[in-house]
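Should a chain be cited, it is by its letter among A, B, C, D, E and F, assigned in written order, with residues numbered from 1 in that chain.
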Amino acid sequence: MSERYLRGIEIAEQLASDNLDEFLTSRVAELAPDFARMAIEFPFGDLYSRDQLDLRSRELVAIAALAAMNDCGPQLRMHVRAATRLGVEKTEIVEIFMQVAIYSGFPAALNALTSCHDLLTDECPRQAARRVAGQG
Amino acid sequence: MSERYLRGIEIAEQLASDNLDEFLTSRVAELAPDFARMAIEFPFGDLYSRDQLDLRSRELVAIAALAAMNDCGPQLRMHVRAATRLGVEKTEIVEIFMQVAIYSGFPAALNALTSCHDLLTDECPRQAARRVAGQG
Amino acid sequence: MSERYLRGIEIAEQLASDNLDEFLTSRVAELAPDFARMAIEFPFGDLYSRDQLDLRSRELVAIAALAAMNDCGPQLRMHVRAATRLGVEKTEIVEIFMQVAIYSGFPAALNALTSCHDLLTDECPRQAARRVAGQG
Amino acid sequence: MSERYLRGIEIAEQLASDNLDEFLTSRVAELAPDFARMAIEFPFGDLYSRDQLDLRSRELVAIAALAAMNDCGPQLRMHVRAATRLGVEKTEIVEIFMQVAIYSGFPAALNALTSCHDLLTDECPRQAARRVAGQG
Amino acid sequence: MSERYLRGIEIAEQLASDNLDEFLTSRVAELAPDFARMAIEFPFGDLYSRDQLDLRSRELVAIAALAAMNDCGPQLRMHVRAATRLGVEKTEIVEIFMQVAIYSGFPAALNALTSCHDLLTDECPRQAARRVAGQG
Amino acid sequence: MSERYLRGIEIAEQLASDNLDEFLTSRVAELAPDFARMAIEFPFGDLYSRDQLDLRSRELVAIAALAAMNDCGPQLRMHVRAATRLGVEKTEIVEIFMQVAIYSGFPAALNALTSCHDLLTDECPRQAARRVAGQG
């Protein structure tokens, strides 16, 4: 294992330990193990490990970039969790999504809010489950 | 003039006084004066004026979002200047552009670096002029 | 409530009364109530309320823009319904989606047709349900 | 020459006779003559020639789609000219660009206004030339 | 039926006979039969039928273009199947998705790998079903 | 210098020796030397150096991806040159741009043809210069 990989894993673990395990044992990682390695090495080992920008700022950048691209998949959710772990307030993340409407329009902002709703609300999971079941 | 507009102008001036004058007297503002007003009211009067996110974070968000969308026009340049005024280091902005390569690829990052090169370098304008004239 | 909001709600109700209630009581609106308000104020209160373009033309613009961006989420569906309410023929909306293939390619057009299929067909809901259940 | 081509040329001429000549004798048409033919046949011969949507609506669709995609090249300008020829008011086109900010953000709208400014203003060309020369 | 359609059908059948039937009898084809015809005529009848590029290269182009646009819908899956039928190795397709990360970033590449996972793995369907059921 | 960098430089030189020198001594490389290094290491050192896809196919992928994203900047031109050096015919590259119209629409295809026109035509540079000077 390259030094870049080890450095990357260390940061990725700090940011998103649960998501990391999930990713590393995912079927995509099984299908393209070299790419799973590169997806640790380049983003986290090469870039996130640099001192020029602190981790908190990096997570704001990740969230803003992904929301602006209207990419509301697992990557956005992973970075929302990571930002929360680093102490970014949920209200700040909601605010970033709102601000993104300026640059990429309302649909991108609304899609981001919808797709990360459960990560940004303080409703407990049981309440959420009830609501979905129509009993809330 | 609406309260939103006045609140927006105050913030926009703080961020980018030169660019603001340029924008408000531009031919686009002449062609669509109501839109020029809305472009102050909504982004700055409604969103930037909120306390939920500090101005520095808002500029990181703006720069990341615009670079990720591969939009390297006057908006990106305006926000790079605004971020610099707020004390964001040039090395931090370069780093944001580098990080954006993770989410939108190398061309978007290289285009952002190219388009804002003169705002991010410490070379004095005279040197730059010489270089362009082939005497550098 | 601001005048812009009241003006916006009036237009939004005219365009999409069902969708509007759904939106205003949605979990996203609960999570980011200020953004839900802005999503009425700016699009409907500030822009749709202007005389420079009639409502029918505005709905053609909304449908064309969203389909061209390959954004086939709730926004596109909302505007397809609104256009229908304003008297735009279903065949016209199908034709807009077809025309969008010129500017953004066949996948965007096919995705729009797929995602709004049920709103554009004249098949009654019961038939549709049967078909999905494999009895059609 | 196919029937589709002849049908397409007829419509394209009606929409944009100057731009058409320019396009058909352009270096791109010289490099890829078959594609220049297809760019008449498919958009104009196959789609614009259909009765399901009138020409005015088709031009609103074209302008909205291209502006929303933040594509402000020759295609957008061609369709702005075509719309004007069909009687769409310049104020309506400005309004479409403004509305596009809802779906794709302010930069796309501002870029469209900037790129088509000369086609949408009533300033005479001499005034424009003077202004650019700094004498305006 | 036009000659272009017949020529297109012949190629489309060669590439993706199963998907073709599915497409031609789909509800979208029912809703917009003329567009379903055009979606054969233009891509396959006009372009794929030309000698200037061999079919294998065309499928590499299709897969790269769709993955780069982060469009992971039925079109991408159809072309992955077509490429496989033409003898493109699954490892080559995985590699194309990996390479696309250079131009459009890691999320687009990961989304493509996720969305076509079942077409690119050699796991038999029964194993896959078990795994999904949590017994794998 | 890392092994990845040396491996990357070797491939990049083979593909585009002129463009490479230009890039490595560019002002962007001066501003962000670490990113210039990464732009060799990751694309060429990590990905292009792998055996899973031959260089010719990799260049088809690069050209298709960049054209589909409507990115007609220096990256597209670099890869058009590289493909030509590897023996891809100019007519094949023109054909790729044409095919991209299927997936991303006519404007993207026309923009790619326009932006790379001089690299794809057989007109000698002197003729081109004359033509631009209006004497052609």
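Just so we're on the same page, a residue touches a chain if its C-beta (ideal position, glycine included) is under 8 Å from a C-beta of that chain, and two chains touch if they have at least 3 such contacts.
Just so it is clear, the structure is predicted and the values come from calculations on it, not from any experiment.
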| item | value |
| --- | --- |
| Any chain in contact with subunit A as well as subunit F | B, C, D, E |
| Listed chain pair A-F, B-C or E-F that repeats interface C-D [over half of contact pairs the same by residue number] | E-F |
| Of B-D and B-E, pair with higher C-beta contact tally | B-D |
| Centre-of-Cα separation between subunit B and subunit A, whole angstrom | 25 |
| Rounded Å distance, subunit B centre to subunit F centre (Cα mean) | 29 |
| Where subunit D and subunit E are represented by their mean Cα positions, the distance between them in whole Å | 32 |
| Sequence positions of subunit E contacting 2 or more other chains | 34, 38, 42-43, 50, 66, 69, 71, 75, 94, 98, 101-104, 106-108 |
| Contact graph of the chains (line, ring, star, complete, other) | complete |
| Subunit D-facing residues of subunit A, complex | 101-108 |
| Subunit C residues within the subunit A interface of the complex | 27-28, 30-32, 34-35, 38-39, 42-43, 66, 69, 71, 73-75 |
| Touch list for subunit C against partner subunit D, complex | 42-43, 47-48, 50, 52-53, 57-58, 60-62, 64-69, 71, 75, 91-92, 94-96, 98-104 |
| Subunit A-facing residues of subunit E, complex | 70, 94, 97-98, 101, 106-111, 113-114, 117, 120-121, 131 |
| Of subunit F, residues touching subunit A in the complex | 34, 38, 42, 46, 50 |
